[in-house]
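Look for chain A in each of the two complexes below; its partner is chain B in the first and chain C in the second.
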Partner chain A sequence: MMAPTVRCDQLSVWYGRHPALKSVSLSVQAGEVLALIGPSGCGKSTLLRAINRLLDEVAHIRIAGNVWVDDEDIYQKGVDVTTLRRRVGMVFQTPNPFPFTIFNNVAYGLRLTGKRTQSELRRVVEASLTKAALWDEVRGKLARPALSLSGGQQQRLCIARALAVEPTVLLMDEPTASLDPLSTARIEDLMGQLKGQYTIMMVTHNLRQAARVADRTAFFAKGELVEVGLTRQIFTAPSDRRTEEYLTGRYES
Partner chain B sequence: MRRGWRAHSIALVLALLGMGVFLAIVASLIQEGLPAISWRFLTGWSTSESIGPELLNTLVMVGMTLIVTIPLGLMTAIYQEEYHYNPAKKRVATLSRVRATLLSAPTIVVALVVYRIAVGWWHWPVSVLTGVLTLSVINWPFLATLSAQALRGVPDSYRQASLALGASRLQTTRGVVLPAALGFLVEGWGLAFARLAGESAALIVTAGVNVSRHWSLFGPGETLAVHIWYIRTEGVSLNRGAEAAATGVVLMALIAVVVWAFGRLSRLLGGAQPPSQEVR
Partner chain C sequence: MIRQDFGDQLVELEQELLRMGALVEDQLRAAVRSLTERNSQAAREVIDDDDRVDAMEMDIERRCLTLLALQQPLARDLRIVSTALKIITDLERMADHATDIARVTLVLENQVFVKPLVDIPEMARLASSMVRLALNAYVHRSTDEAATMIRLDDDVDHLYSAVFRDLIEVMREHPQAVDQGTHLLFVANYIERVADHATNIGEWVIFMVTGERKEVEY
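Here is the complex of A and B:
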């Protein structure tokens, strides 16, 4: 068995005095898709933001426990957050392309590291857009504003932007929550293609989506990891009563 | 009857009334001042019949003030909005209080303080330079407030996306936040120009009410707005009413042109509001 790409050990997070995550231990294997499900406010998004340390930007946050990404203990002193965030890409709930051109959106992350020749930029931008299944739709229109794209295209652009800096892990926070069914299907197809190349952790409220896309599924409630297992097993034979109640729509937090 | 027509028509009448009063004032000013405006009036250097030096002083003083205060205001706003996400922090609270106090202080009071320090302690002359210093102190809180509003208008999701790509706060501010806020900022700079060009009392104290034959930073720097006040109160010319009106027309035209130009530039740069993230 391969070493896990992401591993949390006894991870707890507090917003001020309010606990958001309680002692969560979880491993994610390289190349798998893990879905995080659970009622709103159960800590799923907090967990995602702990893995690229985006939580650092929140005031009054307190974090205990350890998180390893590729065998690096990321909350150790001296860890370079920039390098970490380049290895761990993130896609957000609402498509949030910058108000720049399509090209500059994808090139943004590359330019952060400094010198890149124009031809190199062009090559990476094309490769990233191709990986994000958007290239055919925007070829020859790279100088257009990103905000002129449709919502689904914007979200795929955001995925391309994240892929451009060559991460190993992708965090997706309800990536299709604001999209129509057709765009959602396209993103799900895309995730199927990315599976194996990237380790993907995806928060979703769409249980069918978790069932369609994820290899394994983790169920959270009130900041606790209730259970995690193969998606098929979680959906057909959950071992915890709360999971079953949630899946059948009877869970009350 | 369509619903809401009554409120609608009342608002319309009030708006037309307000516009009518404004137009009447402008029209009477133009009627009185326009005949006195000539090329010689605009560019001549002799104080009594021309406003060349005043025009130059206005442009130089307001221009220099903007050059000084645009970066200062922006830096203040960036510190406050981008680096301190906890506004309860003491330093930020103090900064905001200083800013709010300065912003609401009457400009003449600010000018008296600047006069005391610059002229009294440092022995600067009452001059263009002292005027610039005064205008800068007046303008800094205004631009800091406007800039902070512009930065606050940039959706947080832009910052999140940039940080998640490994950008530092500085890179995020420079690469995403400022470009997204630029339209709003530029429009604000136009407003600041208008506000400064109309400043009079503060400059009477610090820049003086006359001009010298040889223009210099250390020479007296009467501006257009001060000139209007001066010839209305101290002027001896028989024609002073028309001269003041003509100066007023020039000042108004100058402000209108600048505000229009900054507005155009702002729209070119993406408009006053960062584009909303519509999801279609």
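Here is the complex of A and C:
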């Protein structure tokens, strides 16, 4: 087995006095899709945010334990958060393209790195849009405003923007929650194409989506990682009573 | 609300399964009784009832597929519905065996048995009680009940061996009874198959409760 791309060791997070994550230890293998499921407030989004240090700016936050990404302990002093976030891309629930052209949205992160020629930018923008399964729909329209795209296209644009800076990990926080079933299916297909090349961690409330897309699924409740296993196993015969109750709609938090 | 609706539909599904099981149990008893009494009329009724069993199988199958499509159950709920789908297949096969036995009644209707039937009705009694116990285990979600029921299969197998030996002996002593003896051997075999199908149901119940699919050792 390959070395894990992401590894959390006894990771705990408190918002003030409230514990949001309780000593979570979890490894995510390179190229796999891991779904994080659980009732609201169970800590799954907190975990996702901990992995590219989006929690750093939250007031009264306390983080204990370790997170490694590609063998780098990301909470050590001296870690460059900008570089980390380039390696660990994030896609949010609501598509959030910048109010620029389609081209400039995808090129944005590349320009931040500073040293790209126009032809190189074009090449990477096309490659990223192709990987995000959007190129065929937007070629010849790259100068149009990103906000003129449909919701589903905007979300794929955001994925292209994340891919442009060559991450190894993609974090997706309910990436299809605001999309219609067709756009949702396109994003799910896309995740199928991206897995293998990228390590994907996805928070979803859509259990069937987790079942369709994820290689493994982790169930969280009250800040604890209750169980993690092959999606096939978790969805047909989970080992913990709480997982069983959650999947059958009988969980009471 | 949706969960409540799903729960109600599961209860209805169970009731239909129990009805189908009760019908199959009756058929098996009636088929063997028609044979011991050589009652052709009763045998024809068993054969006619097979259509009812087939219709019930299709109805329950439709209910299960609808639940899978609309409620998309997971985990234990998924196992409950998929187990129901497996159980109806076993019940339907049992009903086919009851029909097979009734057909033997029609073949032997005017014959005098060389030896009174004792073990075959006993096998049938055991096998049909296995059917009832298997369905009770399903409804009670009880691995203990399933395992207890499965152990009865041993008794059926022992009786089958005894019937087999007896009939071979009878056919040796009365060569003119080979035709009758062969048909009765088939009957014993059909009943033994019914018990095997009940055993299958018990194993599916254990899967439903534990999530593990394994043959029970007994």
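Keep this in mind: the second predicted complex is superposed on the first by the 253 of 253 C-alpha atoms of A that agree within 3 Å, B and C clash if a C-alpha of one lies under 4 Å from a C-alpha of the other, contacts with A are read in each partner's own complex, and residues count from 1 in each chain.
Definition applied: a residue touches a chain if its C-beta (ideal position, glycine included) is under 8 Å from a C-beta of that chain, and two chains touch if they have at least 3 such contacts.
Everything quoted here is computed from the prediction, not taken from an experiment.
> Touching A:Leu182 in the superposition: chain B (first), chain C (second), both, neither?
Neither partner.
> Just to be sure I read the superposition right, which of the two partners does A:Arg208 touch: chain B = first, chain C = second, or both, or neither?
Second partner only.
> Touch check for A:Ala143: first (chain B), second (chain C), both, or neither?
After superposing on A, A:Ala143 lies clear of both chain B and chain C.
> Of the partners chain B and chain C, which touch A:Asn52 in the superposed model: first, second, both, neither?
It touches chain B, and chain C stays clear.
> After the superposition on A, what does A:Pro95 contact: first (chain B), second (chain C), both or neither?
A:Pro95 contacts chain B only, not chain C.
> Under the stated touch criterion, which partner chain does A:Ala237 make contact with: chain B (first), chain C (second), both, or neither?
Second partner only.
> Would you pull the chain A residues touching chain B in the complex into a rising list?
52, 54, 57, 59-60, 81-86, 89-90, 92, 94-100, 108-109, 111-112, 145, 147, 150-151, 154, 158, 161-162, 165, 178-179
> Flag every residue of chain C that touches chain A in the complex, lowest number first.
Residues 2-3, 6, 72-79, 210-212 of chain C touch chain A in their complex.
> Residue numbers of chain B touching chain A in their complex, please.
85-86, 155, 157-158, 160-168, 171, 175-176, 179-180, 270, 274-275, 277-280
> Going by the contact rule set out above, which residues of chain A touch chain C in the complex?
207-208, 211, 235-238, 243-244, 247-250
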